[in-house]
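Each chain carries a letter (A, B, C and D) given by its place in the written order, and its residues are counted from 1.
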Amino acid sequence: MKPLELYRWMVLNRMVEERLVNFYRQSKVVGGLYRSLGQEAISIGTASVLEPQDVVAPLIRNAGVFLMRGYRPRDLFMQYMAKAGSPTGGRDCNTHFGDVQKGVIAPISMLGAMIPVCAGIAWAGREQKKNLVAMTYIGDGGTSTGDFHEGMNLAAVWKLPLVVVGEANQYAYSTPTHSQMAITDLSDRAKAYGMAHATVDGNDVLVVQEAARKAVEYARSGKGPFFLTCETMRMRGHAEHDDARYVPAELFEQWKLKDPLERLKASLKGQEAVLAGIDDEVRELVEAEARIADESPMPDPDFAFGRVFA
Amino acid sequence: MSSSTTEKPHLGGAEVATGRGVTLLEGVRQALWDELESDPSVYLIGQDIGHFGGAFKVTAGLQEQFGDHRVKDTPISESGMIGAAIGASMLGLKVVVEMQFIDFIACGYNQLVNFAALCRYRWGQGVPIVVRGPCGAGVSGSAFHSQCPEAHFMPTPGLKIAFPATAEDAYGLLRTAIQDPDPVLFLEHKFLYRRVRGDLGGPIPFGQAAVRQRGTDLTIITYGATVHTALEAAAALEGHSVEVVDLRTLVPLDEDTVLDSVRRNNKVIVLHETQRNLGPGAELSARIAEKAFEYLDGPVVRVAAPDSPTPYSPTLEKAWLPGVEQVLHAARELLAY
Amino acid sequence: MSSSTTEKPHLGGAEVATGRGVTLLEGVRQALWDELESDPSVYLIGQDIGHFGGAFKVTAGLQEQFGDHRVKDTPISESGMIGAAIGASMLGLKVVVEMQFIDFIACGYNQLVNFAALCRYRWGQGVPIVVRGPCGAGVSGSAFHSQCPEAHFMPTPGLKIAFPATAEDAYGLLRTAIQDPDPVLFLEHKFLYRRVRGDLGGPIPFGQAAVRQRGTDLTIITYGATVHTALEAAAALEGHSVEVVDLRTLVPLDEDTVLDSVRRNNKVIVLHETQRNLGPGAELSARIAEKAFEYLDGPVVRVAAPDSPTPYSPTLEKAWLPGVEQVLHAARELLAY
Amino acid sequence: MKPLELYRWMVLNRMVEERLVNFYRQSKVVGGLYRSLGQEAISIGTASVLEPQDVVAPLIRNAGVFLMRGYRPRDLFMQYMAKAGSPTGGRDCNTHFGDVQKGVIAPISMLGAMIPVCAGIAWAGREQKKNLVAMTYIGDGGTSTGDFHEGMNLAAVWKLPLVVVGEANQYAYSTPTHSQMAITDLSDRAKAYGMAHATVDGNDVLVVQEAARKAVEYARSGKGPFFLTCETMRMRGHAEHDDARYVPAELFEQWKLKDPLERLKASLKGQEAVLAGIDDEVRELVEAEARIADESPMPDPDFAFGRVFA
């Protein structure tokens, strides 16, 4: 995907979340708001290399992935505002939505659970000769779960076309990575499975895209699963209610200089006018979508019932 | 624990049911065979289920017949196995996951109750998987190879539970389970595997209890291995006409058949092998009270295992298991009520 | 989900109870503080419970006071955390494990039900651990941040379950739980955390229900957040004298207080927030039938959540939660029975 | 521990199991019988370096560990025969027994579960300044469980005095290791945790003892946990009912040459008379113990009830 396209997706990702912050401040967001500020290059860079037949399971920090898979900003807005028109009709929260037709699987909250599930998707795709790759994400903290282990091991033993993207963003809620694991390179997790792996700069969308392209190629070619660690920084609290006081100010400052959007901009010298045009187009789109979502109704109480079984 | 464990007939009734036809274990195998044969989207995964045929040999011969893609060994990862089945089901496979012993489902609990069971409600995605395996006591398996886990899963919305008592039902219910659009926990009592025999029929719909014996004085509601305990007790209650209702599936529950029997007989015993405290018997007692209170000529009485783990030694296990004696005792008291 | 989640008062009664004293959340914190202070063998572990004070700030200030040995952050490993607490307990530590949300206990299910709960029976080794955390709906937490998991654990022999409804009980029952020689699942309803207040007393023994309101026409048996729902409903039933029994602990269950109330009032509603199918209400209904059948002037009626996951949107969650309206409806029907 | 002592323990371990096979053939063993034939050097070599204050959690293939921790052959016999006089009084099976006073923790069947539990023991021991090391065992197959991962990671992050002994015996029931994991050296599992590790010949008790000594020293010195892989071969079926037809005959033959008892004997040239003396002494002991166990009663049915809570 071309840098300008990547730029547009990253801007869209960021503006959608910024608009959600406004909704949150207006108490229109029901529950917590989870940002991916500073990590957008990971969602955009990795999703940018997926084919239509591929299946992806985004987590709470992957709003950008939903957008790239065909969901509209209003879908995310309505999800966070628990509206009737949201993908789940208000039954589930934030990024807990999906549609197999769109190649998107909704997560459950229990961290790690998506890894075995996506291994199963990769397995089914191979059995069905769909030439698909399954991709999912995991935070540094999420790799401490038993499900991460069981899913990674199974994928390696079955040589499944699975790409797991590790978002090493320095923290799990308030817990710094060194209190979560005794390794410094998250990719070392893959060594227990004999799984191919790489660690890259997660704040450079071009680097992420290239690494993801290789990882997906590797998986699609039948060589087996791939664990791609993207080093980055969670630039907000765990959720908007969390002021992240536990993060040293210097850490934020140091990472602010590596903002993925600014870095991509810098690499697009001379195209300021084009970029500004994209910014305007996206801003308008987001506003229009936000208005639609905002004005849309809450679900009818009756929708609370039924559809437990087919 | 293994299929060759010296099995002691603690469950009374079970032997009575032996006779011609195929065993319950063969019924399970035949259902798997027929589904693998008739539906290319059906897959089996589990530990040692391939060339080895599984700890109880339930899947013996299936990998040879259908290949190692359709019948696949897994690492020792219950959560990974169930999770993989969930993912595969979203793309259209129908995966049957074997727990080598159902007790180990505790290690895959989260995937089953929080992922598989809740998907359809949350975002409309069905998860047609079957998790099956040997359960139950009576074979000196002690605390971790004897469990009947149905009570731990019944409160989970979105999960169906089948528990066959006969070879016909094992076959018919498993075929239905595999084609069911929702997740099913399928419980096979290992004590019955080679003890009950029958002729196989077709698929058997969920939610239809079977009245194993008609009667007019008292109804015993049960399922699984204790159906045979109930039948033996009924036979021993000379002079009394006892009805035995086999629920077959706990979710969905055939309320109509249960209530019809209660309204006719007015006295009810609920019998199950699993522990008493918040066992399925509690739900039956509560529903009967709510929907047929005025028909009751006595309290709904529960006969179940005591609230302790299954002990190992045959002498202890025999004392622990709810047997014919306990049923007779409860029945005589209730009949005299 | 988080402590700052916009909370909507779906549970009716709860606000009524606000007043002077400390909050239920502060009651939990005070119990942890007092135990850490009075017993050097008490330790707390959990995710983000240290300097951060936990997702709900329950442990705020404890690490500063007692140090990072006594109050320790863990990786995201529910099974690892509970397992570690089990091992430590065998050497004499009393470890309190926080689930950031109790829903995640599903990931540590095996360690709690198969290891902690069964050790004493199997080989005589007690496992005095407490697994505690925020549970319950009413705060738009949807399916994985709203669960009341008690029904999934009640059938486990060897595991105690406490579920306080007031600040006093949160304090008193938690102190008892930490000193209890057996494993305890301690459920704290997050909707009550900052909504109910009271003055703290001393430790409160397990197995002693509290009659929150005396009455003569009808008994509502409940526990946790719905105690407040029951009290509001009782107040709204003008012209009728309703007794409200708060069980406080589900295991052990205070049968005496329950049966005494049933024998006096002859009409019973069992109310709980968790789903209806094989919820604790089923066990109460069954026990009352078995032990006080002849005192019943009507069926034991259950009021509980429907058998579906907790929905997210406030409009849906309000419809889903068993509220004052449902209790009033059931009560009027039963009183007229 | 001196080679002659190690020899006695290994002979005792083997003779106890051989006597159990007789009981099994007489259908006096209730349930399955699990052998450690060919793996005795691991139980004996590792347990031989433990101090009295240390705590160990043996699994089904570690009968030898129970013996070294002070249990008598009759205890194992009675356990397997479900006798009233067994450590669990007939309540639980085979090696499911223990006694914290003896520094022995009883396992549960669920593989992997002992790792977090022993991490907790190591943690408590450190808090109590007991200078103890916790040791437990895991089969190659058992390392695929989520609990293995969560326990190992926790032990590494907390730098706990825990030694986990991996028994790489080529199979998990009928499943060869290559269907269980995509790595060939089980020690690679430790790399995901930044945990110290080593892989040694599990059929040479002197090698195992020396490696275990180093691992225990490392853990006791406060450096953190240690994962010690002992390469070996399960020389019988998973349990006695299993004829292990799925194992290539050559594999058995090749490993038979490495029998740990024979190898130790060979290294004790010239002491044949002493060894023969040990054999006789142990044989007599085992026979006497077997008789006591055999003649002892089954439990009273009433013992099925009670002691669920304190």
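Here is the rule we use: contacts are C-beta pairs under 8 Å (C-beta built on N, C-alpha and C of every residue); 3 or more make two chains touch, one makes a residue touch a chain.
For clarity, every value in this text was computed on a predicted model and none was experimentally measured.
When every chain is reduced to the mean of its CA atoms, the largest separation from chain C belongs to D.
Centres computed as Cα averages put chain C at a distance of 41 Å from chain D. If you average the Cα atoms of chain A and of chain D, the two centres end up 45 Å apart. With centres set at the average Cα position, the gap from chain A to chain C is 35 Å. Looking at chain C, residues 75, 77, 79-80, 103, 106-107, 110, 114, 118, 121-122, 142-144, 157-158, 307-309 sit in touch with two or more other chains.
Shared interface positions of chain D, defined as residues touching 2 or more other chains, are 88, 91-92, 96, 108, 110, 144-147, 150, 153, 157, 179-181, 308.
Contact topology of the protein chains: fully connected, every pair of chains touching. Those residues of chain B whose C-beta lies close enough to touch chain A in the complex are 43, 69, 74-75, 77, 79-93, 95, 110-111, 114-115, 118-126, 157-158, 160, 181-182.
For chain A in complex with chain D, the residues that touch the partner chain are 144-150, 153, 156-157, 159, 179-184, 188-195, 224.
Only residues 27, 30-32, 82-84, 88, 90-93, 96, 108-112, 141-142, 144-147, 172-175, 179-181, 238-239, 241-242, 246, 298-306, 308 of chain A touch chain C when the two sit together in their complex. Chain D contributes residues 55, 87-88, 91-92, 96-100, 105-106, 108, 110, 113, 115-125, 127-128, 130, 134, 146-147, 150-151, 153-154, 157, 307-310 to its touches with chain C in the complex.
Remark: chain C residues 103, 106-107, 109-110, 113-114, 118, 121-122, 142-144, 151-152, 154-158, 251, 274-275, 277-283, 285-286, 289-290, 293, 296, 298-302, 307-309 touch chain B in the complex.
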